[in-house]
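In the two complexes below, chain A is the common chain; its partner is chain B in one and chain C in the other.
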Partner chain A sequence: MNDDTRTVIRRVLREHARLPVDVDTLGDDADLFAAGMTSHASVNLMLALEDAFDIEFPDRMLTRGVFDSVSAIAAAITELSGDGEPSAAGGGT
Partner chain B sequence: MGEVRQATADQAAFRDELIQHGLFIASGVPGLYGRGATFEDIRNRVDARITAAAQAEAPESMRFPPLLPRKQIESIGYLHSFPHLAGSVFAFEGGEDEALLQSERADRHEDWSEFQRMTELALVPAACYPVYPAVAARGPLPVGGVVVDAGGAWVFRHEPSEDPARLQMFHQREIVRLGAPEEVRTWRDDWSERGLALLQSLGLDAERDRATDPFFGRGGRMLAANQRSQELKLELLVAIAGDEPTAVASFNYHQDHFAAIYGLAQHDGDVAHTACLGFGQERIVLALLRTHGVDPPSWPAEVRRELWGA
Partner chain C sequence: MSVPADSERGLLEAVRRIAEEVAAAAADDVDRNARFPAEALEALRGAGALSAAVPEALGGQGASLETIARCCFELGRRCSSTAMVFAMHQIQVLTIARHLDGAPWFESYLRELHQEQRLIASATSEVGTGGDMSRSIAAATPEGEGVLSFEKQAPTVSYGAHADDLLTTLRRTPDAEPGDQVLALTKSGQAELEPAGAWDTLGMRGTCSPGFLVRARFASEQVLAAPFAEVMNQSMVPLSHILWSHVWLGIATDAFERARAFLRASARRRPGEPLPAAARLSHVMAELTLLRGEVSQALHDFQADDVDDRARLMTMASVLRFNNLKLAASEHAPSVCAGALEVVGIVGYRNDTPYSVGRHLRDALSARLMVANERLHATDAALLLIAKEP
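Right after this comes the complex of A and B.
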């Protein structure tokens, strides 16, 4: 877990979550669904995060709670990639 | 062409029995059948029972053709959720030469799709879809919201199967509720009880359960998990044929999904919520035929009374 992970998450959010507000106005713990993210947009977000971090969310993580804030997403990515680095940094097991 | 889902031995035997008794008329394509007079009589009686159950609400009646403007199926995100089930209408575009080539290939039953172009039309996959833009176009909802009876409309799902209970085109009797979040959710929950009682009054061993839509792919698993955890979809299930009970009705709370797309507002300007219920009419008829036998005159007297009133 580090600042880079959150920066990349925020970039992916900006490009794929179709939020009606600027993602930079939201804190790390702000509820993204309450901020206007739709279920369909959360699917696009999930797929884009997999590309950005070169990970695959297992079925047990394909739930609303895993994607409902920057912090929640960061925690899931940390769990999946070990060190939470974006794929360019070689996140392994 | 989609892969055809095979039937269990039980399902295949039931399908053959339906065809043998003239209840279903085979077309040669899995999931596409004509209906004989007896089948249609039962279906119309079931439809009338649903009408009677809805009467107290005095729903506004609307009827739509089984085609939808393509833009609507695009706007509601159907191609995100169910790309595998959608059907869109393509039609010929070309001159004399293309028409000749197309007809020659068609004569040989070869692929002639290269001469076809997308039209403005898609097949209706759920009978409630035309209702939301129609109601939204009137402006804000009246106090207390609106109930719309969309009738028993033909709907299409591209899922060819040898299971007689999985049809590609069938009648869905839909009723739609638009209003304040609490009243819409309560309506949905109440109707799931009323629907269960209705099926039980026809002698069907029905049960109610939380359910999910058959969303496509991995993203679909996420949509399904959300739908289940929020109890957005309830189904009534009856054993027809095969190993699993079959869903014969569903009760769906959409929250603000359709309202956000079409700008549906309550009387005070707050966003409206919507819910719909759908009875799968053919599946209910099949459940009746399976439960009580393929000869309606020999059905239990109380079931006959419920449907035919005598």
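Right after this comes the complex of A and C.
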């Protein structure tokens, strides 16, 4: 599930984030803004993510920090869709 | 605007007195000759007002944003240029104070700023970025042994030739993307400002804001460590819009007061005679009331978020909120001034009467261009597609 989520996020990033580099050259924790994503492109990214995952980001989540890496986006989507693996459930953390 | 605490009342009183006695007396000359309001700035230094926003722990007054905003308003009523210089300086000081995060160099800098009443200008715009403050071309370039340098073409640096120090946006490194920025503070001996043209403008003539080619060498600890996106969204942008708006409200308020004084004088000369311009002034007052409401509500909203949860200032809803303050204030302040001019008529159009409001109108028209309103509308247009609350 988590891998699928990340695959879809990377597809959306490729189509909407207008990064100057190939998204596959970036790790899950790489800072997308430092990699060249503009504020304007980040809005398109958010819209496309809402569409791809059929979710709505509430205002409190609409900040740069929530969208600044593949991992951060995956965490936000997991929180919203409620069906990802809640990290506490595994007891490992 | 509520009454500030006792400790801050003294500051506000001192600034109000300087506004009335020093800034007002020089305002026409400052405007006519497009010269820096040196006497008002000297008086503000004498009152210790340049370190009003420096925390008490670092020797300053630790004045509240409300008191500083009120000072901007009082100065704006008497000399727009003095008020804008004061506002911009306070924005730089507040930005540093709010984000220095215990950094020793910046702490000792603020102590020094208090002792010497140093004035900070900023070079945040850049030739080639199309007015977008969130992108830089000039880069912090390592020169070895902890020394950095930069060369930046700044299209406007307000009071650049009159400031002691300079706060500049730069790319983090020569390899960094345009949006990967940092803020660097350079001191007078470290930066060389080569003027690129003169400052002969419609209004805000005393801010002396020509372009400069800035070259600087400085220590790496003079770069603020906090992420620039945080500094911009939590401080620089909302504080700019709030303090600028207080200046513009001050300008509009004085234009209204002049129109009212003109009508009162007319009414006293011919008691009982109809005064059609009074109805026009009533319209102007209604607009000024709206403007005042928005300016003070925005300050209130900022303080609520700032105290409650500063991260909320990072949301798009917050960006929209303070963009809307700027749009509203920059449209209504010149409109109030134009309304006042219609009330006073030719006596207000002349530059040499107690009821002149031409300077107010010219100064207030700058508001739409300080970060072009069309740029803010373009940003808002994108954000409102994704933000949820109105």
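Please note the rule applied: the second predicted complex is superposed on the first by the 82 of 93 C-alpha atoms of A that agree within 3 Å, B and C clash if a C-alpha of one lies under 4 Å from a C-alpha of the other, contacts with A are read in each partner's own complex, and residues count from 1 in each chain.
The rule is short, and it goes like this: contacts are C-beta pairs under 8 Å (C-beta built on N, C-alpha and C of every residue); 3 or more make two chains touch, one makes a residue touch a chain.
This is a predicted model, so every value here is computed, not measured.
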If touched residues of chain A are counted for chain B and for chain C, the larger one:
C
Just chain B (first), just chain C (second), both, or neither: which does A:S39 touch?
both
Touching A:D24, do we find chain B (first), chain C (second), both, or neither?
neither
Considering only touches as defined above, state whether A:D3 meets chain B (first), chain C (second), both or neither.
neither
Figure out whether A:L62 sits in contact with chain B (first) or chain C (second), or with both, or with neither.
both
Where chain B and chain C land on the same part of chain A: residues 38-40, 43-44, 46-47, 57, 59, 62-64
Chain A partner contacts - residues on chain C that touch it in the complex:
134-135, 176-180, 229, 233, 311-312, 314-317, 379, 382-383, 385-389
Which residues of chain A touch chain C once you look at their complex with the stated criterion?
20, 33-40, 43-44, 46-47, 50, 56-60, 62-65
For the complex, which residues does chain A have touching chain B?
38-40, 42-44, 46-47, 57, 59, 62-64, 67
Residue ranges of chain B touching chain A (in the complex, touch as defined):
77, 80-81, 218-223, 225-226, 229, 257, 260
